[in-house]
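Each chain gets a letter, A, B, C and D, in the order it is written, and its residues are counted from 1.
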Amino acid sequence: MSKIYKCSFEVRGYELDSFGHVNNAVYLRYLEHARWKMLEEEGITLKKIRASKRWPVISRVEISYKRPLFMGDAIEIETRIVSHQKASFTIEQRIFRQGTLVSDAKLKSVVVDETGRPVGLPEEFLQLGRQLGNHHEH
Amino acid sequence: MSKIYKCSFEVRGYELDSFGHVNNAVYLRYLEHARWKMLEEEGITLKKIRASKRWPVISRVEISYKRPLFMGDAIEIETRIVSHQKASFTIEQRIFRQGTLVSDAKLKSVVVDETGRPVGLPEEFLQLGRQLGNHHEH
Amino acid sequence: MSKIYKCSFEVRGYELDSFGHVNNAVYLRYLEHARWKMLEEEGITLKKIRASKRWPVISRVEISYKRPLFMGDAIEIETRIVSHQKASFTIEQRIFRQGTLVSDAKLKSVVVDETGRPVGLPEEFLQLGRQLGNHHEH
Amino acid sequence: MSKIYKCSFEVRGYELDSFGHVNNAVYLRYLEHARWKMLEEEGITLKKIRASKRWPVISRVEISYKRPLFMGDAIEIETRIVSHQKASFTIEQRIFRQGTLVSDAKLKSVVVDETGRPVGLPEEFLQLGRQLGNHHEH
């Protein structure tokens, strides 16, 4: 099984929309935050990413919204790289509030160069993939 | 075929993220904007929605990101209700830049009451569904 | 001296703009978050505010940006009501990172009714003012 | 008198906060958008700014909120460089809705290098200053 990264934080008041709950787009922000935390935990900083001239971008998201989120809610996000390919990762992320599943998502992240073309993973990502993914796909 | 709603607008500079392109979460904002425009075109305003005490919320999104977007890009969004059920809609949305597909998405929207429970569609939504959806699903 | 409310949190990766630092507008989001926390600490929730049909809105902001903020920065915000008038508050807020002043701001908040007209403070705000403001201005 | 730059656009539904109006922080986003448009009009693109390794950052904002903004409101922003100094600009911006003043702001923008230190203006900004500012301050 691949490693599960966890991060916890709180819904902020300014993230509510005109319906008084967290807007669906903000869930993607939360997931991004959790992915940054995962990379950080593995020593992959924004600075290093920039220096590598290769960037991870999201090419597909499938997300289900199970529960609304409100100001002050304490949430936990689990992030897991489920497989990696030559130039991409498949990632699963789940948002919980006190043990209850609020949202689950499956994302595909592609590593691109400055022109936006998919390229092989930088060495650091590759190592991350090696450590994590026992589901290497061809 | 169901009606295709179109709206056009421009990417704003403050919508770029630290990679210099439009962040993936902002695409969902754009899609939301286009859905508001669709509702507006059918005479369904935020005020009416509030008065009805029933809100459309997004329960699922599947979105593919085909192209990056940059500041000043002129985009067009096509929105189409492909089917409606008792308390929900299935919607397809596509983002174009000068005729090139930038992103396509399939969303499920559920109408809920104040407690967040799925309820039947308000009369106005129903009419919208009747007009649009020749793909009524049970 | 009036009470100083403190709250601490962390800069999230998605709050960076295309220059790689926290965008100036996001500082106002942070200040809003800190004001929500202050109200919460005094038992004034969004729900109560809605029930009172009176809302605090910001009528003026003067803010100085002293330092940039980056992903992962741990910040602390101090919020202080420095005076209250019939229908408004003057608030001072300061953002720190490890004891260094990052930004300071002075804001004026007006309480309005549903039509947007300034009205007297709700009883709960008044009590908050009485407790805090020894600088009652006429 | 210095040149007045104008740009027009529409409030988007996702820019409303939990009170149903445009949040105060979003006004700063709008002002930023208008400044980007001004720079663009003068041929100063994000790409050129990045290449110059000097960035304009906001060091101070004083903004008054006169009117709320709602979804669909058509707004016009006037932007004017009122003076320029060695490494900075003073800018005035006003937001209108159908001729009515919604917000006015005075901002100070400082040009910094990669380390965040204020530096002299790049040649292109200088030219912009020369054209616009007959109020050169020392």
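Annotations
Operating definition for what follows: a contact is a pair of C-beta atoms (placed from the backbone, for glycine too) under 8 Å apart; a residue touches a chain by one contact, two chains touch by 3 or more.
Here the structure is a predicted model, which means the values were calculated and not measured.
The interface holding more C-beta pairs in contact, when A-B is weighed against B-C, is A-B.
Separating the centre of subunit B from that of subunit C, both taken as means of CA atoms, is a distance of 33 Å. Centre-to-centre separation of subunit A and subunit B, using mean CA positions: 23 Å. Looking at subunit C, one finds that residues 13-14, 16, 18-20, 23, 25, 29, 32, 46, 71 touch two or more other chains.
Viewed as a network of touching protein chains, the structure reduces to a complete graph with every chain in contact with every other. Residue ranges of subunit B in contact with subunit C, taken from their complex: 13-14, 16-20, 23, 25, 71. Interface residues of subunit D, counted against subunit B in their complex, comprise 9-10, 12-14, 16, 20, 29, 32-33, 36, 40, 46, 71-72. Of all the residues in subunit B, the ones that touch subunit A in their complex are 18-19, 21, 23-26, 28-29, 32, 46, 55, 57-65, 67-68, 116.
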